[in-house]
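Notes for the one structure printed next.
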Amino acid sequence: MKKIRVAIAGLGRLGRVHAENLAFRIPNAELCAVCAQTEDSLNWARERLDICACYQDFAEMLAKETPDAVVLVTPSDLHCEQIELALDAGVHVFFEKPLGTDPARCAATQAAAEQHPELVCMPGFMRRYDKSYVYAKHQIDSGAIGTPYMMKCTGIDPESAIEGTLRVTGSFGGIFMDLGIHDVDLMRWLLGCEPAQVHAVGTTVKYPAFREGGDYETAAALYQFTNGAIGMAHAGRCSPYGYHVETEIIGTEGTLRISGVPAKNLTQLYKGNGAATECVGSFQERFEEAYLAEVQEFVDCVCENRRPAVTMEDAVKATVIAHAAGQALRSGEIIKL
Amino acid sequence: MKKIRVAIAGLGRLGRVHAENLAFRIPNAELCAVCAQTEDSLNWARERLDICACYQDFAEMLAKETPDAVVLVTPSDLHCEQIELALDAGVHVFFEKPLGTDPARCAATQAAAEQHPELVCMPGFMRRYDKSYVYAKHQIDSGAIGTPYMMKCTGIDPESAIEGTLRVTGSFGGIFMDLGIHDVDLMRWLLGCEPAQVHAVGTTVKYPAFREGGDYETAAALYQFTNGAIGMAHAGRCSPYGYHVETEIIGTEGTLRISGVPAKNLTQLYKGNGAATECVGSFQERFEEAYLAEVQEFVDCVCENRRPAVTMEDAVKATVIAHAAGQALRSGEIIKL
Amino acid sequence: MKKIRVAIAGLGRLGRVHAENLAFRIPNAELCAVCAQTEDSLNWARERLDICACYQDFAEMLAKETPDAVVLVTPSDLHCEQIELALDAGVHVFFEKPLGTDPARCAATQAAAEQHPELVCMPGFMRRYDKSYVYAKHQIDSGAIGTPYMMKCTGIDPESAIEGTLRVTGSFGGIFMDLGIHDVDLMRWLLGCEPAQVHAVGTTVKYPAFREGGDYETAAALYQFTNGAIGMAHAGRCSPYGYHVETEIIGTEGTLRISGVPAKNLTQLYKGNGAATECVGSFQERFEEAYLAEVQEFVDCVCENRRPAVTMEDAVKATVIAHAAGQALRSGEIIKL
Amino acid sequence: MKKIRVAIAGLGRLGRVHAENLAFRIPNAELCAVCAQTEDSLNWARERLDICACYQDFAEMLAKETPDAVVLVTPSDLHCEQIELALDAGVHVFFEKPLGTDPARCAATQAAAEQHPELVCMPGFMRRYDKSYVYAKHQIDSGAIGTPYMMKCTGIDPESAIEGTLRVTGSFGGIFMDLGIHDVDLMRWLLGCEPAQVHAVGTTVKYPAFREGGDYETAAALYQFTNGAIGMAHAGRCSPYGYHVETEIIGTEGTLRISGVPAKNLTQLYKGNGAATECVGSFQERFEEAYLAEVQEFVDCVCENRRPAVTMEDAVKATVIAHAAGQALRSGEIIKL
């Protein structure tokens, strides 16, 4: 079995998920080096992953370790530059969404990637690798719902994680760029079409800090696609019952709904309040398998010299659209795309 | 429209449900008289139903009011005698389950009914008139599940009604006669076959009064039918989450499950404990429509000189089988039927 | 028991539901007369309801029968005039939604009603009388979900009724006036606030006749309320799986979802395609009990000289808002209210 | 990180699952050798797992490879002997259920294991490592359902696998030993008590070959435990809709139900037949994660010199009880334990 050497940059919550997967669960990858800002994170890697090659400088890691591939789980505003550095060093790249928050900057990185057709450069839209979404995509492709003409998307972070969310409010390009971008990617992927316009409204009810940070606690966008299809997207920050990602794809012959109840597992508890299904508590819990599957696919693509189904163009378009949704939200206008 | 004059005997909880239905919701019936033990109940009828013809003696009511039909919601041990009185008076009869608790006594009443083929004599197995069960029966008859070969039945009274349940423990022939008889009727109806044997076990965990009353808080019976089909029936007295009646019919091509969650209505509440569906609180709530539908069918049968699908034989056989299940429970033996 | 004499005008599909309820299921009402356009409908009333007082002229019926109350299930564009006629004749009025399709005309009728404070004039928003919605309202009022700040509404007519739907496309003020007005009423009722603006988009995929009729097969509206609350409403005409009305109310402490699966009954069928719950087939099936409950409440209000919780102001505001949503849909603009 | 060398014996369907997990997904294990009957299986191991150490003789593998541990996925009637061989060779053992089909033989192996307290000897009841069952156990232990007093268990193999099932009918000790033993283990684990008696009935409707093989297509057992608790267990061979394992634990304060719908994933498809959830197709699909988790726990126990929560006593008792259920089924008697 061919095995590649993979480095990782970024060891926050999601970075550690990816790092453990690379170290332990992806047989054709060897985690060869890590890069992180804090000694704390690097110590975690030394102890938990038994990694000696620990860096605080990304370029230095690339130069000294010459990995085959790198996985970027760094802050969004570093992605474009780091991707370009890696490509220039001849290193395959997997990067977490979003590619960036500035559409023009993203386009430049896409151009850079096109200069390196020999390298895999894969965006991390993990939902595309979640078994429920894979199943839905397959159902759509096999005609189970006829022609899809509408989607309804919900993404609500758990209130239990509100402190972390509030700490970064204002960064990451706002609620549609940070959270809603997943739904943008899903709509493009499952409707097979591009949005023509977007209108959005938002509100902040429970945590005024969102308002103070120039963002919204809850936002809703209404999209129309070039073929007339309709998209309704709801992004929120403080679900009291867990992490709620739900998606509905409506077609002429049927409707697919994914995760109407974001069930933690297959157990129902019948008590005084009725028959209850506990909900997943976090994005890590909900997409645990998908985070593994997407990086496995990345590594397989590198090993087999394939290209993943999700492309740099997907990454750029998602950023452009999420950016427009943010503009719509702040301006109160209908933004044409 | 032909309209018949109907009297009712018994104004307990269920009696009042039937009385109100007869008075207000069955257009081709006129509630003409009531019979009850207590002044309290009779006053309720006078005020709520505007009925003047109030009796404490059943035979007197029949003699003086000469109704076309009578609905019996009296204690089980009075049914056989009252049915015979009514039939002798030329009055059609609807009676609540069970026909009686003594198989021999029931057979005598069945013989009496056979002497009056001109009269409708209909047992009150309301589940047969519930829209979910009607739907399931239709699915089975249309072949949706192939050949049914197994049933699993659950009937658990709500703990919220435990005081009333405890007051009558020891009467009514025990848990299988009082509660489990509904499942006996469902199994005969939906499997289209008779049981050949039954074994049962019971336990009492929370309310020792059941043990003291010679009964069980919870009991389970395992039936085998003459065609080999299997029946599993669970009867209980103290569900902490509401009134739970659930039925599963398993066939060679599919399975029907009725009321896996005994939902109060179509609402789900997503809160800290998950996504919860509140459960129905009582038999009256669960079978509100069925109680109306069964008596409507009775009245229609009288008006149209039809015979209902549910027969005296069904009533007698259900008693015989529930009686055997009770024997099995008390003796620890396998009882052959 | 006080009993009132009620006439009905309009014997289409829903009219017949109301007529049967008045004739058979509302004990304190006596159906005294009917008015309909066609001999067919009048014959139905004669045979099925045993009614002799049959009219084709509404004013004539009022004059000759002098009913206590009238129930209007006539075409929307007749409501305002008929209401005014009835009020002038001293007759209580229940009318089906919408009050009308022209906001100014509706306001005049509201003014007329205010001239008759002694008369009940009740709009027919039956969802407010459906037990699931009543339950949700009660949960909200009791604080179960904290402060509601968002609603998502879905209303899709069944494709099985498409022929009837297509016959009247273009009438009734378009999809938001005909169908979406229910969601407008629900949002006002459950959020306790008025919308400040609305934007909408629509599409027609399967039945071009909608486009030709100047309407849309599917439309989606995004509302923002004066308190910042957000409303997302989806109205459609051709659900392949039945009649789908779903409502979600999102609050700071929890979320209520009504009818995520518009279950026909409590049965699940496990077959090759999985575990399936059949859906209700029509508005009559879904809201059978609510249609009865709302007219029962109307009759009770008349008998007890009470006023219903739903008011003429609710009827007028719903029309104004649905009208604005229609304008938004046709213009592509954001309409301020 | 400490890493152990693990050999595997048996490369059937489940054996390959375990082999891949050991090779790729358990970081502290190194798959060092395989033993299988057929060249086909050994070739699969060479190609898929890149393993050179391939054997057809179990004792030879132990002698030549001296692994730290061995995983047995061989036919049930070989388990006892192979376990003893491994223990004698100083090798830790994980074995698939059942330990054996003969209670006396199992007891001898348990005694052998007790001679080697320094070695881990762990039975493979994977459900104990499934996240839904782990969650349920945690709920019970934390008091969520009060005192559990009843369990209802369902295990039905998919009809899609019927050919394989029929090939081995008659081996493996019958339906309760092969399939029902999982439910026996669950009942002991979750009720915390031992059964006192069992009665069982069976039927064969669709595949007469079961009857010819001396087994049953469907069987149901009714257990009573020493503390009075009740167990109802249903085992079947030909579910038309997938692999259905469902478990209900009923307690004085609530009820836990696991997998009322054995959902394949979180997607619902709304079509003509209603809202449907596709079911899992096989035990491998349903328990994919649990199979990994149980062997991970085994390897961790070896590495950390811990003992797993599931013991040899559990394995022996499960065999004794499943054996008694089989006796009950064949004899028609109530078997005391």
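A, B, C and D are the chain letters, set down in written order, and residue numbers restart from 1 in every chain.
Heads up, the rule we're going with is that a contact is a pair of C-beta atoms (placed from the backbone, for glycine too) under 8 Å apart; a residue touches a chain by one contact, two chains touch by 3 or more.
Just so it is clear, the model here is predicted, and its values are computed rather than measured.
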Identity of the chain that, by mean CA position, is farthest from chain D: C
Pair sharing more residue contacts (C-beta pairs) when A-B is set against B-D: B-D
Interchain centroid distance [CA atoms averaged], chain A/chain D, Å: 37
Whole-Å separation of chain centres (CA-atom averages), chain A against chain B: 56
Geometric centre distance via CA averages, chain D-chain B, whole Å: 42
Per-residue multi-chain contacts in chain D, two or more chains: 240-241, 253-255, 260, 263-264, 268-272, 275, 278
Interfacial residue positions of chain A with respect to chain B in the complex: 240-242, 244, 261, 263-264, 268-279
Footprint of chain D on chain B - complex, ascending: 146-147, 149-150, 152, 199-206, 218, 220-222, 224, 228-230, 232, 234, 236, 238-241, 250, 252-255, 260, 332-334
Chain A to chain D touching residues, read off their complex: 1, 23-25, 27, 50, 131-132, 135-136, 139, 144-145, 253-260, 262-272, 275, 278
